[in-house]
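Paired with chain B in one complex and with chain C in the other, chain A is shared by the two complexes that follow.
Coming up: the complex of A and B.
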């Protein structure tokens, strides 16, 4: 909505109805143009590449869905999808629950909150390469800070290594992701809690509602639009996990931690199979497009989130 | 007698006259011929040209970068000498060469990259430039380049695609203080029946690995161990040079290989199975986490005293074996990559010889060529060796420089020089990085005991056939 005074100052009211119609579009035009240039055009080009033959970066003729069929027939693609799904299904719910719990505690009025909040944001602010190297040192073989002091000294997982073990490497990377992204969830939810109106809580107090009832019947419904948006963003981001895997395991041991992004990176920059890599990217996009739409519809109808 | 004296005198005068003429000719003409070629004159047509060279960043190149202004001052050719990490050099360099963008005039290429780039026709041969007497110094002395590293990297189907820049190779690196400790020597001889010394054979390396693998509380060289100690450190991470080391330092020393003489995949063989089993069995004597150990971590394991020995890249050993960098500096022992005592065929060791090549899209190939020539020039290499106090030579003559012969690392350089006799560039396989990726994953599984060597060779052969069919090598 345009503020009347502002609009008046801008001379909108003096403009013709046709000009007034275009005014909002004019305001969002810079953003839209930027998005088209940096997002839509590369995406459309990726779709174009996925439908064409390519060798050594040179685009050849139209080959229809052949690149898609090659990718879908590759067991590494399905392995990578499995890795990403396990990663997302474990990491994001834990981050969500820990983040929400932390936000509620912060909102309840913790001492030194002003100091704690910026400190808690440090992991999220760290560059992914630094996070990777930090955890590489923490979990290095049997002599890392954590692996030696926690595991070796007390005989837990003695003689093994987190990132060097086919059974543990993925869980190690999930742990790193939880460490890095829980503070983001926490602070986003905390900001949401801070912006909730006070009146419903006053009414609930007068009605004698207990804290559990307040949380489930007032806080959660009012916070749900934010929760849904944050969870969608994290789901998408977590599915695209690349940095920490690249630094910590390179996709190994074997293919135990090879995510779709790692696989696509190798296809492009190591194998130079740009057509197949583009097909993989489009497949992942389609999957997420469908999933996010479904999630949105469910959130809209069941949670009244939007 | 007199006649003899006379004739002798006449002969002396004749010789003196010839000598005088020769000397005067030499004074007048020969020096001018010898000095006819200079970088300054050769570069005159290209003065003011700006070239962009992409190289890998390590302490070697960072030191070399300090010499580049000398080239600029002498030739007037401006040089933007860009240094990027290993992966970025490969990605950005290849992207530029394959796209034909020509942002770089010269790109550092590892031998493994050559198959893809030659198949794509992205490189400019330099034979015409080498044959151009205006551009090429008569003292270039290409016969002095260390072989077969240069030829197996730069030459293909009768054409030359670059001049050598760096010669990385792996070698055997051990804790000399442990191997020479009297208590350890006596115990080792009692157990294995021969003297404890830096390994000359793979079998000795295995025995040493087993011997030194000890639990916390045990004694090592008279000291009680606070933590576990391990017999060997090996690279085992997915990617990196894990597969290259298995391939060239183990498979080939067992008589195995990846391809047959026609370039067809030939991985599922008894030789390869035996070599992979030997390599995989060594993991039992390594610290936990070999599957996450990169080529950077191996020197750390040796330098911090976690393992007794390793097969590691020699340039990293150079960095670790310095006072202040490791408490064991000066106490390390070096040897070439051990041979297989049970195999009499040619020896082999993993290496990564590199060249700088000129892209087909380069707008300044002559100026770039002059820079490459200057980079590999004997004088430049000598200056670089002085500045580094050694290095990784590309010329045979460099080994004789005081920076190598009189160095504190002389033993390391001897091992490096000896190892380079068994090294070469990688075969020209366009899909080589895909093969590296798949194979290093399989090797990890063998090291971790998840699959057997038999399964690894079978799966590897199937993967090779899927990746490049019946003919992998160009």
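Coming up: the complex of A and C.
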């Protein structure tokens, strides 16, 4: 235990050495217990299931990596990965850029900012299911607000929803995701901008830097740790997208919008291939674990983040 | 328009509180003017007004013959050494210094080799050469201040603004840099405004000293004049180490001689003082300003000495500062003969009137 706080030292010193030893563990116990129950145990059980033959709720014998091989040989798995990668690589950069631009505008000073900020946060605060239903209606065939005004009037996609098109459904979902998550990026970046020290900006003004230089040489480097954290969070979250796809397309048409989470869901609750589904979950986890580690290392070296 | 830095009747208030009031100053090219005063006097505000980080409520500011009153900082061509350093946290020492040299407003004036030379030179001056690759968060307070100083010195601006440039350095380096900085700034064609709460630093570095109290200019003169002839009691109290002793009393004339009387104590004043007082025709209640150096410990019972009770005694080696109660007043004397004195001792102190300054008790101004 690191004794930095004099108050806690005074309080704890009077206790026996054993109590002093357990005290910090006691403090983090509620969090740890919760995490173990809702996160670690299910995760370990998933790993266990992925290594066993399990179908229709019955766990059979140990079969090694058999489930993994089945999943890796399944073209639907590769399709799901492709869907997720396209989705993440389009949605997150757009959310990032729109969010950062919006944050810079907010930070530069906008009238009624205090009223505007909570309003803009509404899409992010809404339950993804509600967001999905909302957009389903907006894009509904010939009468949805968006589909009628954009598509019906100009004769595109007449009569059908964007979510009914094999080629466009994923972009529709990307649009919904951007709508929902750009405000989150914007507000996170805005908060970051607000917390930056003001003096480097004063110095830059006196040193004669122009606005572009100020942004790239002062703002961006000072903000980069936050940017990296938010982007990682968003990448992870976007990769495992489930709710809005489930509501809007259910993974269809065909498998055009079948993300790994949707695919895993179908494997479990439609085909009851629990072993393979567990193997898929573990594979996705491994992939992301590797990716985030790489990202973290690069960010640490290149950006001085963390 | 005049060359150098000119402030004319500049006003600035923050939320109704006057920070700077009708301030007029002129700093000639190549001249160092020190702006001194207690904290909150308006020194930093003055710097920021000249730099363009604040805009004056009224009055005019011109730099090198150009009215800059309404210009943004980028267009003023000033070099400001921030009291808070304001280093760029994500750049190393060398890049911090180079930043302004690479700015578009100075583009073309300096190439990469010249920038490198310039960085080497200022780092050497401040004894920072081995720290050029360090990041600001790896530096101590004094080192950060030196980087800020380097950054300001690396430029060749129209005006240098130094806001407490050496206050956080250790005494040895401060002494060295005080002289080195003055040499450098005097050699530069631009005027320098040097802010410091340390009046002795102000006297030592400046060609002229401006004393600011509560946003108002009290006196603007050569250092010697500020020291020997303070314009009012505030300047007298502020300038010097320790400040001038101020004793209330009355003037008495007899046999053509002029004396200061304070209770049972009398001090003979110089003929020069008498001539000046005669010319002004003032009399009555005055305040006498006596430097701590114009006092000495006298042998007990000397006729021209006064009994004091020692309040504190601080030996500094070569001299000692003696604080003592004289009647109801506290006086500070700088004693050069090494005698040890204890708190509570009763001594005789002789006051010399030869350098004394007489202030009007009502207006607090020097007569």
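Everything below uses one rule, namely that the second predicted complex is superposed on the first by the 274 of 306 C-alpha atoms of A that agree within 3 Å, B and C clash if a C-alpha of one lies under 4 Å from a C-alpha of the other, contacts with A are read in each partner's own complex, and residues count from 1 in each chain.
Keep in mind that, in the parts below, a contact is a pair of C-beta atoms (placed from the backbone, for glycine too) under 8 Å apart; a residue touches a chain by one contact, two chains touch by 3 or more.
All values derive from a computational prediction rather than experimental measurement.
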*With both structures lined up on chain A, is it a clash or a fit for chain B and chain C?*
fit
_Dominant contact partner of chain A by residue count, chain C or chain B_ = B
*Identify the partner contact of A:221: answer first if only chain B is touched, second if only chain C is, both if each is, neither if none is.*
second
*Angle, in degrees and to the nearest 10, that opens at chain A between the C-alpha centres of chain B and chain C*: 150
*Can A:199 be said to touch chain B (first), chain C (second), both, or neither?*
second
*Between chain B (first) and chain C (second), which does A:207 come into contact with in this model arrangement: first, second, both, or neither?*
second
*Return first, second, both or neither, reflecting whether A:229 touches chain B, chain C, both chains, or no partner chain.*
neither
*After lining up the shared chain so the two structures overlap, which partner does A:63 touch, if you call chain B first and chain C second: first, second, both or neither?*
neither
_Which of chain B and chain C A:248 touches, first, second, both or neither_ = first
_Three-chain overlay, closest Cα atoms of chain B and chain C, distance in Å_ = 52
*So in the complex, which bits of chain C are touching chain A?*
51-53, 72-74, 76-80, 82, 84-91, 99-100, 103-106, 151
_Partner chain C, residues of chain A touching it in the complex_ = 197, 199-200, 202-210, 213, 217-218, 221-222, 304
_Taking the touch rule as given, give the residues of chain A at its contact with chain B in the complex, in rising order._
55-58, 136, 140-143, 148, 152, 159-166, 169, 248-255, 266, 269-272
*Going by the contact rule at the top, pick out the chain B residues touching chain A in the complex.*
90-91, 94-95, 98-99, 116, 119-120, 122, 227-228, 236-240, 287-293, 297, 306, 431, 433-434, 436-437, 440-442, 444-445, 448, 450
